[in-house]
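Take this structure first; my questions come after.
Order of writing sets the chain letters: A, B, C, D, E and F. Residues in each chain are counted from 1.
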Amino acid sequence: MTEVEWGRLKSAEIGALAARNAVAVVPVGSIEQHGPHLPTQVDTLLAGEIGLRAARLAAATTPVVVTPTVWSGLAEHHMSLGGTLTLDLATFCAVLRCVCRSLARHGFRRILLLNGHGGNMAALTAFANEIGPELQLPVATATYWTLAKDAFAAILERQTTVRHACEAETSMLLALAPDLVDMAKAADAVGPTEVELAAVAGDAAHRYRSFKVRTRHGAIGDPRAATAEKGEKLLDAAADAVAKLIANERFWALPA
Amino acid sequence: MTEVEWGRLKSAEIGALAARNAVAVVPVGSIEQHGPHLPTQVDTLLAGEIGLRAARLAAATTPVVVTPTVWSGLAEHHMSLGGTLTLDLATFCAVLRCVCRSLARHGFRRILLLNGHGGNMAALTAFANEIGPELQLPVATATYWTLAKDAFAAILERQTTVRHACEAETSMLLALAPDLVDMAKAADAVGPTEVELAAVAGDAAHRYRSFKVRTRHGAIGDPRAATAEKGEKLLDAAADAVAKLIANERFWALPA
Amino acid sequence: MTEVEWGRLKSAEIGALAARNAVAVVPVGSIEQHGPHLPTQVDTLLAGEIGLRAARLAAATTPVVVTPTVWSGLAEHHMSLGGTLTLDLATFCAVLRCVCRSLARHGFRRILLLNGHGGNMAALTAFANEIGPELQLPVATATYWTLAKDAFAAILERQTTVRHACEAETSMLLALAPDLVDMAKAADAVGPTEVELAAVAGDAAHRYRSFKVRTRHGAIGDPRAATAEKGEKLLDAAADAVAKLIANERFWALPA
Amino acid sequence: MTEVEWGRLKSAEIGALAARNAVAVVPVGSIEQHGPHLPTQVDTLLAGEIGLRAARLAAATTPVVVTPTVWSGLAEHHMSLGGTLTLDLATFCAVLRCVCRSLARHGFRRILLLNGHGGNMAALTAFANEIGPELQLPVATATYWTLAKDAFAAILERQTTVRHACEAETSMLLALAPDLVDMAKAADAVGPTEVELAAVAGDAAHRYRSFKVRTRHGAIGDPRAATAEKGEKLLDAAADAVAKLIANERFWALPA
Amino acid sequence: MTEVEWGRLKSAEIGALAARNAVAVVPVGSIEQHGPHLPTQVDTLLAGEIGLRAARLAAATTPVVVTPTVWSGLAEHHMSLGGTLTLDLATFCAVLRCVCRSLARHGFRRILLLNGHGGNMAALTAFANEIGPELQLPVATATYWTLAKDAFAAILERQTTVRHACEAETSMLLALAPDLVDMAKAADAVGPTEVELAAVAGDAAHRYRSFKVRTRHGAIGDPRAATAEKGEKLLDAAADAVAKLIANERFWALPA
Amino acid sequence: MTEVEWGRLKSAEIGALAARNAVAVVPVGSIEQHGPHLPTQVDTLLAGEIGLRAARLAAATTPVVVTPTVWSGLAEHHMSLGGTLTLDLATFCAVLRCVCRSLARHGFRRILLLNGHGGNMAALTAFANEIGPELQLPVATATYWTLAKDAFAAILERQTTVRHACEAETSMLLALAPDLVDMAKAADAVGPTEVELAAVAGDAAHRYRSFKVRTRHGAIGDPRAATAEKGEKLLDAAADAVAKLIANERFWALPA
C-alpha cells in the first residue's frame, strides 16, 4: 500500500509527491466535549482517519499526501461544557495560512482542507476565499459528511446527517476505538434537550449559541442507535466520497 | 411612519430605541462589478433598502433601527472584472466588531447583520460566532434571499434564487433605480459562460474561484427576464421575511 | 451631466475613468451624535454631498469618480453622548488601506481622501503618510472646511469655521434635509458649555477630551444663526474649493 | 493504568482532573525534514510519546493530563530541505496562547509546555514570559533532552545530546517505529557537513542559519550508532526527567 | 537641582514621584537624515534636551519626570536620503501604548508626549485620541516649536518656525554639540530646492511627499543664519513654553 | 578616532559605511528597576557603552556603526517593583523589525543585535530566527556577558556572571556614573532573598517569575563587592569580546 501520511514519509518522498502534483489533504478537526459517552478527540480522529482512508483509495489514480490533522479548531460554543481547546478566528486562519504557504513553497499545487467539525465550516470557507487568491492555487475545503450526504442518510436510522456525539459519531468511534465509548452513558445522551434555533426561525438565520443552552449533556442526535458496523459503513462512505473529490481531475483543473 | 434609519435619527432618539430593546439591523453589502448592465452598488442598495422596508414593517410590533449599510464587503473574486472595492477578511471582521461594540455600548441587546452579498456569507457566520460570545448578546446574521427562499423561487422564472446581476437583482434594480439599468446590455449577460464547480463536483466542496473564470461578462443568471414588477415583488418578499425575523421574539429570546 | 458616482457607474465605465487617469475621491465621514437638533449622519452626508458637487464641477476639465462615503470614522469622543458608531484607529486605517489598494489595482493613480469629520483629521494625515509610499501614488487628504476656510469665514456670522452641530453644519442640513433638523431644539444647543482646552492652554497642545465634558448637549458653536440659504452657500463654497483641488494638475503631478 | 491523554478522556473526566489541580502537559513538536532516513514526524512523535510516558509515571503521585501535541512549530530553517510545515512566530505564540487560555478557563492552574524541537526553544521561553503574567499561573516550558541532559550523555556514544536526525532521534525512532527508519540511508547521514557557527564564533552568538548550509542531507549528529535498545533507554530517561518535573510540587508552588 | 531624568532615578524615587502625581514627560524624536551638515540625532537630541530643561524649570512647582526619549519615529519620507531609521505607524503607536501603559501601572496620572519631529505630529494626535480613553487619563501631546511659536518667530531671522536642518535646528545644535555641525556644508543646504506642495495648493491639502523630491540635499530652511547664541535662546524659549504646559494645573485638571 | 555612533554621523557618512559593508550594531537594553542603589537605565547604559567601546576597537579593521540603543525591552517581570517601562513581545519584535528593515534598505548587510538585558535574550533569539530569513541577511544576536563569560568569571569575586543590580552591574556603574550609585543602600541589596527556581528544579525548566517573588529589594547578586576598577575591567572585557565578534569575518561570511 502506498504510504500517504506526511508524518510517516521522509522529506525526499514528500518532494517526489509534490513533483508528481499530488493533492495535499489537510484534515482539520477539533478537541472538544462530546457528551458523557465520547472522548474529546472525536472530530480530530475522524477527520484524520477519513483523510487517510480516502487518500489510500485515491492513491491508485492520484498522487496524494495527508498532513497531520490540525486538531485545534473553533469550538468556543463547547467551552462551557468543558474538555474543549479552542482557537479564535484569527489564529485559526493564521495556522492554516502557514500550513498552506508551507505546502505551496514545497511545490504542492492542489490543497484540500478536509473538515470534520461543524464549528469550522464557515471559517474554512471564508479562509479558502483568502488563501486561494493569495497563493493563486486551488485550495478547496469540504466537510466529510456533506460530501457523503446521501450515503450517510441511507446508513443512519435516527438522523439524516452527522450531529454531535450522535448516532453517526458514536458509531464511527465504536468502529475505531470502542474502548473510548461508554455506551451506558449514551442512553441518556439524546438531544437537543432545549429548543433549537431552527425550531423558532428556520434554517436561514444564524445566531451564535453555546452548546450548553442547546443540550444539557453536550450531545445532539441519538447515540443509542450507534453500532460499530454502522460506523464502519459511515467511514467507508465518507472515505469514498472524499476519495472521489481528491481524484476529480476536472475539479482541480478548473481555473481559480 | 416611524423613523427607523439611524442616520436620520438624533442621538436621543437612538438612545430611546436602545432603552426599548430595539433590534439593531446592520445591512452589509458590497461594491463590486455587476456585469455590463448593472451599477456597482447593487448589493449595497438592496441590503439597505430591504433592511429599511423590513424595519418599517416590523416597527409596528418591534422597536427597530437600521444603521447605515456597511458597503465594504469581501469581493476579491470580483476584482479582476473591475469596479470592485474589497476588504480583506481581518478588516471586514474588524469593522463589524467595531460597529457591534458601539451598538452594545449604547445598550442595544439584539443585533442583526443583514447580508446582501454572497461573498460575505461564510465570513458573517464565522464572525457572528466570535462576536456573540464576546458581547454575550444575540448577534444574528442572515442573507435576505435565503430568508425569503421560497417566495423568491415562486416569483422568479429562470432562476430559483439570487445569482449575480441576474433576473432577481436586475428586477429589483428596475424597481428601485431603472435609470441605472442598461437592459440593452442585459441581452448578452447570461451566465455562467464557463463550466461551474457544481457541475464537476456538486455543491459540497468549496473552492475559491474568480468570477472572471466563471463568466466572461460578470453576470450569472439570466437578467433578460427581469421586470420592475417582479423586482417590487422580490423586495416586498424579502422585506417581509426579514421583518418576521426582526419581530420573532422567541428567536431573540433564545439564550446565547 | 457626467455621472461621477462610483456606485451608479457600471464596471466598464469605472475602468474607462481609470484609463483616463481620473481622480478617485473617497469621502470620509462619521456617524455620531450631533446635539439635540441634528441627525447622526451629518458628517457622512456632508462629505458625500460635497464630494459629489465638487466632482461635478471638476468633471468639466478633469476625469473624476467619487466612491461611496466611508461612514465609519473615529468618534470615540462622541460615544458617551450616544448615537455614535466608532472604529478604532487600526481598523480605520485598515478600511482605508483596502479601499486605496482596490483603487490602485483598478489603475487609479490619484486618490483624494475627502474628510468631513474633525476626529478623522490627524488619522487621515498619518494614514496618508503610510499609504502614499506603499502604493507609490499621490494619496492626498483634505478636510472640506479647511480647503474653504476663507469662504466659510465670510459666510458664517457667529463662527469662523465649522465646529460641531453648529451654525455651519445646521445651515447645510437645512439646505439638504430640513426635515431632519429640529430648530426648536437648536435654541439651546449653543456651546461649548464647559471650559475648553484652548482657553487654558492655547491651541498648541492636544489632549483627548470627550465631547461630553465640553458640552452638555453635544453641540459646539451656535446653530441658532443657521439658515438654509447660508447652508447652500457653504456647500457651494466647499464644493468649489474641493473642485479646485481635484482639478489642480500641478498638485497631482508633484512627485511623491 | 490511569488514562492521562486528553483526547481519550471525556469532558467530565477532564473537569475532574482540573478540580484535582492536575498538571496540564502540552507537548510541542514540529513537522520537518529529518534527513534521508527518518520521517518528518520525529519531533512530534517524540514530544508526545515522552509526554505520555512521563505523565503515566507521574500519575502515581500527581494528577496530570496530556493534551494533543502541537505539531506545528517553528522550522523555517528546515524549509529549504523539504518536508517541513512551519508557522511564523506570531502564529506559534497565538496557538499556544489559545491553548493555555482554554486550559485556564477549564480550571487548570499548572501548565507545562513540553518541547521536543530545537527551533521552538527560544520562542517558548519568550512566550512563557508573556502568558505567565497574563494568566497569573505557573506556565513552565522545558525541552526533554535538556531535562534529561546527564542521562542522555551517559547513554549516547557519539554525541552528548540530541542533535537532529542523529544517534538519539534515530535510536528513539528505532524503538517506537522501526518501519519508518531507513538505516541504509543513515550510513551517509552524518553531519554537519559544513562549517558550523560555533566553530568560528563559539556558542555565545546566535545567527539564523538554514539547515541546508549546515548539512547537505539534513542530519546533524551520527545516526549510524543508533539502536532500538538505546532508544528505549533514552525514552525512559526523558520520561523519568519530565515526570520528576511534573511531580515537583515545590516547582509548581513557587509564586509567579 | 532636582533630578527629573527617569533613567538616572532609582525605582523608589520614581514611585515617590508617581505618588506626588508627577507629570510624566515622554520626549519623542526621530533618527533621520538632516542634510549635509547635521547629524541624524537632531530631533531626538532636541526633544530630550528640551524635555529635561522644561522639567527642571517646572520642577520648582510641579513634580515631573522625563522618560528616555523615544528615538524611533515616523520618517519614511526621509528614507531615500539615507541615515534614517523609521517605524511604521502601527509599531509607533504600539511602542507609545506600551510606554503609557507602563506609566499608568506605576501610578502616573498625567502624561505629556513631547514631540520634536514633524513626521510624528499627526500620528501622536491620533494616538492620543486612542490612549486617552483607554487609560482614562489625560495624555497630552505637543510639539515644542508649536508651543513656542511666537518666541521662535521672534528669534529666527530667515524662517518663522522650525523647518528641517534649518536655521533653528542648526542653531540649537551649535549650542549643544557644535562639533557635530559642519557649517561649511551648511552654505549650500538651503531649501526647498524643488517646488513645494503649499506653493501649488496652499496648506489645506496634505499629500505624502518624500523629502528627496522637495530638497536635493535634505534640508529645508536656511541654516546659514544659524548661530549658537540663537540656538541657546531657542532652547530656552522652547523649555519655557513646555515648562508652562507641564505646570499648567488647569490644563491637566480638565476632565477627559 | 573614527566616529562610530549613528546619531553623531551625517547621512552621507552612514551611506559611506554601508557601502563599505559596515557591521551595524544595535544595542538593546531595558529601563527597569535596579534595586535600591542603582538607577533604572543600567541595562541601556551598559549595552550602549559596550557597543560603542567595542565598535571603536573593531573599527581599526572592520567598518562598523552603532545605532542608538533600543531602550525599550521586555521587563514585565520587573513591573511590580516599579521604575520599569516594558514592551510586550509583539511590539518588541516590531520595533526591531522596523530597525533591521531600515538598515537593510540603506544597504547594511551585517547586523548585530547586542543585548544587555536578561529578559530580552530568548525573544532576541526567536526574533533573529524570523528576521534573518526575511531579510536574507546575517542578523546576529549576543548578550555581552555571555560573549565575555570567562573574562567576567575571572574578574568577579562573588558571582560568576552578571545577575541583576549585582557586583558586575554595580561595578560598571561605579566606573561610568558613580554619582548614580548609592553604595550605602547596596549593603542590603544582596539577593535572591527568596527560593529560586534552579534550587528546586535545576536550570532546565523555565517558568515566568516576577522579580518581586525572587528578591524583596529588586537585586540578585552581591553589589557590596562592587568597585569602579572592577567595573572598568568588565567594560573592557565585554568590549573586547564584542569587538572580536564584530571583526570576525568568518562569522559574518557564513551563509544564512
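One rule holds in what follows: a contact is a pair of C-beta atoms (placed from the backbone, for glycine too) under 8 Å apart; a residue touches a chain by one contact, two chains touch by 3 or more.
This one's a predicted model, so the numbers in the text were calculated from it and none came from an experiment.
Any chain that touches chain D and also touches chain E is listed here: F. For the touching copies chain E and chain F, the fraction of interface residue numbers used by both exceeds half; the interface is of the same-residue type.
Distance from the chain B centre to the chain E centre is 49 Å, each centre being the mean of its Cα atoms. Rounded to whole angstrom, the centroid-to-centroid distance between chain A and chain D, based on C-alpha atoms, equals 27 Å.
Chain A and chain E have centres, each the mean of its CA atoms, that are 56 Å apart. In chain E, 88, 90 are the positions where the chain touches two or more neighbouring chains simultaneously.
All chains form one closed ring of contacts, and listing them from chain A in the direction of chain B gives A, B, C, E, F, D.
Listed in rising order, the residues of chain B touching chain C in the complex are 6-12, 14-15, 31, 33-41, 44-45, 67-68, 70-72, 79, 81-88, 90-91, 94-95, 97-99, 102-103, 105-106, 177, 180, 182, 218. Against chain A, the residues of chain B that register as touching in their complex are 74, 76-77, 88-90, 93, 119, 121-133, 138-143, 146-147, 149, 195, 197, 200-201, 204-210, 213, 241, 245, 248, 250-251, 254-256.
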